[in-house]
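All chains are identified by letter, namely A, B, C, D and E, in their written order; residue positions are counted from 1 within each chain.
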């Protein structure tokens, strides 16, 4: 009824019965959210708070306004805690504040949302760019002085893309010449493909020694462009990626793609689940959190930061079959049988 | 002599009577019985105006309510109305453009750009907020007028002009926002209040409903008196009362809903005000008449001495202005301007709102109320889906299906009605 | 008697002569001098057909070439043609829909969905690739036919139906791709070859150019002979030769460009083939005539006994099919199907290609060649921007401006020409 | 003059049609026999065009039945009427403005050679056809949008002659035509009658009606208001059936201006 | 009968107009005096409507000048013509199908009360106006798309009478009208002349022309082909000026069917 929203905020903490946890994820164009984050999180929450816990999920399709509306809905539903992966970490602050005003604790997930958040867990985003860049530099070795690299950054409308880009630049600048650099519209592989073709025409095939690609999808587009320009499989310049998507893992095994960045979803989702359940139950977070973070508006937010890991051919084997990664069956389809065998994956 | 022969101005149904009374005209019986009979006939022939869309809306509400009882809660309904204001305001501008028989693809980008203008001037440059707001809205007007100019004077197809606008203004917005990206607005500023202020005094909502109902009744009576005096057909008293009831019931219901949450939202007042004003402009002023004329036949309108390019430019300016106003509401919702402002499904939502509400894409027909109805339909679907919490794939499919279903009711009822030309 | 009086079938300019020869008809002088005079008149009155768009294209090319000399390299031009195939193929379907006077917003989603269908059947289910390809394209056809059904039979506005399709098919695609997300296609498979195969033998490109030019000449001569025999006006020999030269020069130039890179790209052959075939269907078959008739006036077409709903359904089915075919090309470009397939600016690009090429949004006019020209314009801008590597914000603005400029040339030249009705 | 057969080729029984609140037609009866030209006359808005559209399947009647050569027939779409052998020239012409003259003439009946539109033959026949109606059109390849009113009307009339109809319905065919073209069309109507067709001619021109028609059916306010044999009826009788009064503007005007009335 | 002033209110000098490859008008001259009804006649496609559009500013001429009350005038837009005092009824009517009868009648000249459209007064005057043209329209609030051909034409004619024009141009105004309405319009034309206006009447109906017009200007293939005083010219002379031959279908037809020719 109408009054329920306003009145029982205080009584919530000692409310009996199953908890309701809200989960807001930012987009549906990358596989990870609905493949890993959502199921892993649901599993952990139910494990912690009981099977009858209700989890309300919405995906904002990369639209900050839609996400704001979804927060409103969560408030209407009077969830006990909200896990929020912000589309736009900065502008989401008013929504966070609104939730906070209604005594709904917000756990910032993956992106450090501004506003009165109660906990934060994430992969270290600037570090992603650094890992990509460092691996690339290492792979290039002395070729770094002889040629140029092409940088394929993410979409300018995505604040995370900026962090990756800055992280990468902090490593690359001065070490290697960046021949061409692109902000890829909509993170689309097709656009990355088009830009890469432009770079190939403009710089010439011979000059390009490596490609920094911010994620795996774009790496796919870049690699087809490189192949189209006549690079054979074994002379392919190294191409970076991120997200450890299935197809990228397969490409890494065959050697087409140099590396990706693997974000350990299990610790990250579990951290979020723990925070959320504890907050919902009104418990302290001190035992859970491993550090504190200051956001622009909040000081000392209990935090768990999970380190992203580079994923080159050598590392694939160790993740296969683990939670938050793919099974050997998924990776080793008929086409990749040989590559799998060579890497020793069964 | 003409008393008792009713006329229906709004939808052009054939019910007046010529001074040389046409004997083939089926005059409705007086009183409620005649009204009921007439309703039955309309039901059969499909001349139902907005009724099917309203029915669609009610069905959507009922279905979601069955799934989750929070849907019809005062809280959710109140949120839903506020959230539909942004889309709806932009859709009002789109309705003008659609009546012209044209399209405006730039509204999303323009709304984003003006939000950026506001944020940069107000937050970064420290300009007075109201001044920045006015400037931001004028930016929209100017962008719209520019589209209108290229279309009306240079002759570039409106689709291409506004597509160029879609790209160009988005680029400009990114440029304006610069490296900072998102700019948060003042939490207590005017813009923030747009979607966050409620007139919590219960008098406000109830009073507005009363004023609206009484004004409707008053103008109807006045009109009827003038018509009688001039000897042209007028509405009988019974009909006026019935119509007033049809207006008053939802008005008071809405007031009750708002009052049982936080009160009358400012956003709703503004949105309603804009719809009423634009409806007035379209139906009661020469300018509106000219817009319809150009939309019906620009050739005929030109021959009647109407300055067709002028009308086109002003209509695009209106669309740009409304896009900017809508942009303020979107900015208010997230209390920020960011790089994705105005992108994504915003454009489609706004055009869809106008079309779902019943405005034709082929020009010459439409009312701004359709923006209100359409925005409510779209927002109800969004809100309902958020309540259900389904996966995004299924969600898209359901959204598509519901959208189609909502309009199928309208189309089927309209199909029985033979309309001249394409509807 | 009629020899020497030329006729212009393609653009309906008034140049035939009635058997009762109309003395007001200004007969062109014979030979090249007359041709030049006629050209001058056309320049002045703006009846230039595709010339302004081609001029726009040349200017774009010149400007980018000045910025980066790689623009006109064989490599870049070859890439540019291949990349425009996907957009262009979808735009061919859009041209059909636009000729009907309608719109299809679902092409992007349909193209993404069929790419997903292909990938899932071929890669995940291990189906034979050709079979999967056919199935994927038929999926597009079915989706299109479904839109057509709702529009033509139920009467839901095409805008709403295809908007529902835009959402629904995108959802279905996400569902089909499922948890895996991106699915890589076989590197050496048929689909991969679509944009990666070149007929490297130099004979291929030159041969195609020769065959096209000779075929054009042959059919022109044959037509002229038949016309002479039937006593209706025909083109003089000098004109036929001139026109053949106008066709042959770009054909051989393109062949030379392709040969100095990797050879004739398969994508170009398919794209050209589809454009030629669809042009043939639209202009030389009863079906095409009916499509134009329905687009010109569905009322008149219906009264002439044409099955209007049938035409509408088939046209949407064609649009769906072409969307699926285009989807295959996009998938081929990145050699994968992923969740963003068919999203983003794809839809706008395809519609813009058709419109920029000169197809009217108001129905009844257009040719599939406009899809080719428009796709080249858009791809040239994209490719030029990729060469320059400009920042995203500036890029959007420049793209918008160039787009507008390319069409302004067309609009200004057309404005001098008084067209009946809105163009 | 020519034998008129006993079974009408087309008969309408009790046709009623309503548009919203307007009862456009009420219980209209009409018969057309082979070898006969029937005039359908009536005031503006009497319902003549509505009746034509009901026969042609463009706007089927709400009530009433049609008989074709003595047996009941259903006409729900224009196609049905065409299949029976009814060719119609509509008052609003219903041409596709974007198509050229040839395209419009042959719309729905395109000539083909090996599956492909036979443009040459269509163009040749179009020229022939238009020449018999003595109309001058700059080019048969001009879109009909740029034709003059009379030229458009001639194209619409020519269209109806392409098939092998048994009944031809002409809704004010000569309204926009010049003197010469009008004469040609009247000639044409007579030729159609001679060929055994039934013709329904709608016209406001009494002289024309009296010249070519055998019978006149009068429609007034959507109802039958008498059928007359032309040979036995004076113009005044018909006019008063149309206007519903013997004293009307027409008679008053004639009384006032006797000198110019030939 | 009534004094015709020496300076024409409107004079056209050497008007030429070309559409693509069609030379529609060549050096056309025309004068319209106050208190005078001039007929403009000609074959279909002769260029009459093109000339009307040139005068009305809808399709300005390529060459030639216009004189208004003796001094040169420029008419480049319909608005210019209206400002001078030229009211035009176009052959293609040019109504907005989506607006109702009242909306169309007052389009561009809406009545307002305190800035707001005065629908009541407009409706009242629309009813009056239509009554004087003795047309029956189900409702003045019906969109014109659903009117019959004659009803639409009457609306277009009524439109032109709203302002205070000095010259009225009527392009085949009676083409779709019934006998009664035609009589009304002819009455109207005579009333306009009496009020001192100049009227240009285009018609294919020679009887009509001879009945109300003072002078007849003949256009043939886009050129002047003679101007005649009605009182001094026989119908045959005019027809042969139109068709360009004394032996034509019209005369042949008349020779064949003398009995019905009244």
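Convention: a residue touches a chain if its C-beta (ideal position, glycine included) is under 8 Å from a C-beta of that chain, and two chains touch if they have at least 3 such contacts.
Just so we're on the same page, UniProt names per chain: B, C = Xylose transport system permease protein XylH; D, E = ATP-binding cassette domain-containing protein.
Since the structure is predicted, the reported quantities are computational estimates derived from the model, not experimental observations.
Peer 1: Treat touching chains as neighbours: how many steps, at the fewest, connect chain A to chain C?
Peer 2: 1
Peer 1: Any chance you could name the chains that touch chain A and chain B both?
Peer 2: C
Peer 1: Taking all residue numbers at the chain B/chain C interface, are over half used by both copies (same) or under half (different)?
Peer 2: Mostly same residues: over half of the interface numbers shared.
Peer 1: Where the centre means the average of the CA atoms, what chain is farthest from chain D?
Peer 2: Here the answer is chain A, farthest from chain D.
Peer 1: Using Cα averages as centroids, what's the distance between chain A and chain D in whole Å?
Peer 2: One centre to the other, that is 73 Å.
Peer 1: Counting in whole Å, what is the centre-to-centre distance of chain C and chain E, each centre being its mean C-alpha position?
Peer 2: 46
Peer 1: How many angstrom lie between the CA centroids of chain B and chain C, rounded to a whole number?
Peer 2: The answer is 36 Å.
Peer 1: For chain A, write out the residues touching at least two other chains, lowest number first.
Peer 2: Within chain A, the residues that touch at least two other chains are 28, 34, 156.
Peer 1: Could you say which residues in chain B touch two or more other chains, in rising order?
Peer 2: 13-15, 22, 24-25, 174, 299, 392-393, 395, 421
Peer 1: On chain D, where are the residues touching two or more other chains?
Peer 2: Within chain D, the residues that touch at least two other chains are 19, 21-22, 134, 136-139, 142, 146, 221.
Peer 1: Can you list the chain C residues touching chain B in their complex?
Peer 2: Against chain B, the touching part of chain C is residues 101, 103, 105, 150, 154-157, 159-161, 163-175, 298-299, 348, 351-352, 355-356, 360-361, 392-401, 403-404, 407-408, 411-412, 414-415, 421-422.
Peer 1: What does chain D use to touch chain E in their complex?
Peer 2: Going by the criterion above, the answer is residues 19, 21-22, 42-46, 48-50, 91-92, 134-139, 142, 146-151, 153-154, 172, 175-184, 186-187, 204-207, 210-211, 221, 239, 242-243, 248-250, 252-253, 257, 260-262.
Peer 1: Please output the residues of chain D touching chain C within their complex, sorted ascending.
Peer 2: 56, 58, 77-79, 82, 88, 90, 94-100, 103, 107-108, 110, 112, 115-117, 119-121, 123-124, 127-128, 130-131, 134, 136-143, 145-146, 159
Peer 1: Residue numbers of chain C touching chain D in their complex, please.
Peer 2: So the residues of chain C touching chain D come out as 7-9, 12-20, 22, 24-25, 223, 226-227, 230-232, 284-286, 289, 292-293, 295-297, 299-307, 363-365, 420-421.
Peer 1: Going by the contact rule set out above, which residues of chain B touch chain A in the complex?
Peer 2: That would be residues 68, 70, 73-76, 79, 83, 86, 174, 181-182, 184, 187, 192, 260-261, 330, 333-341, 343-346, 382-383, 385-387, 389-393, 395 of chain B.
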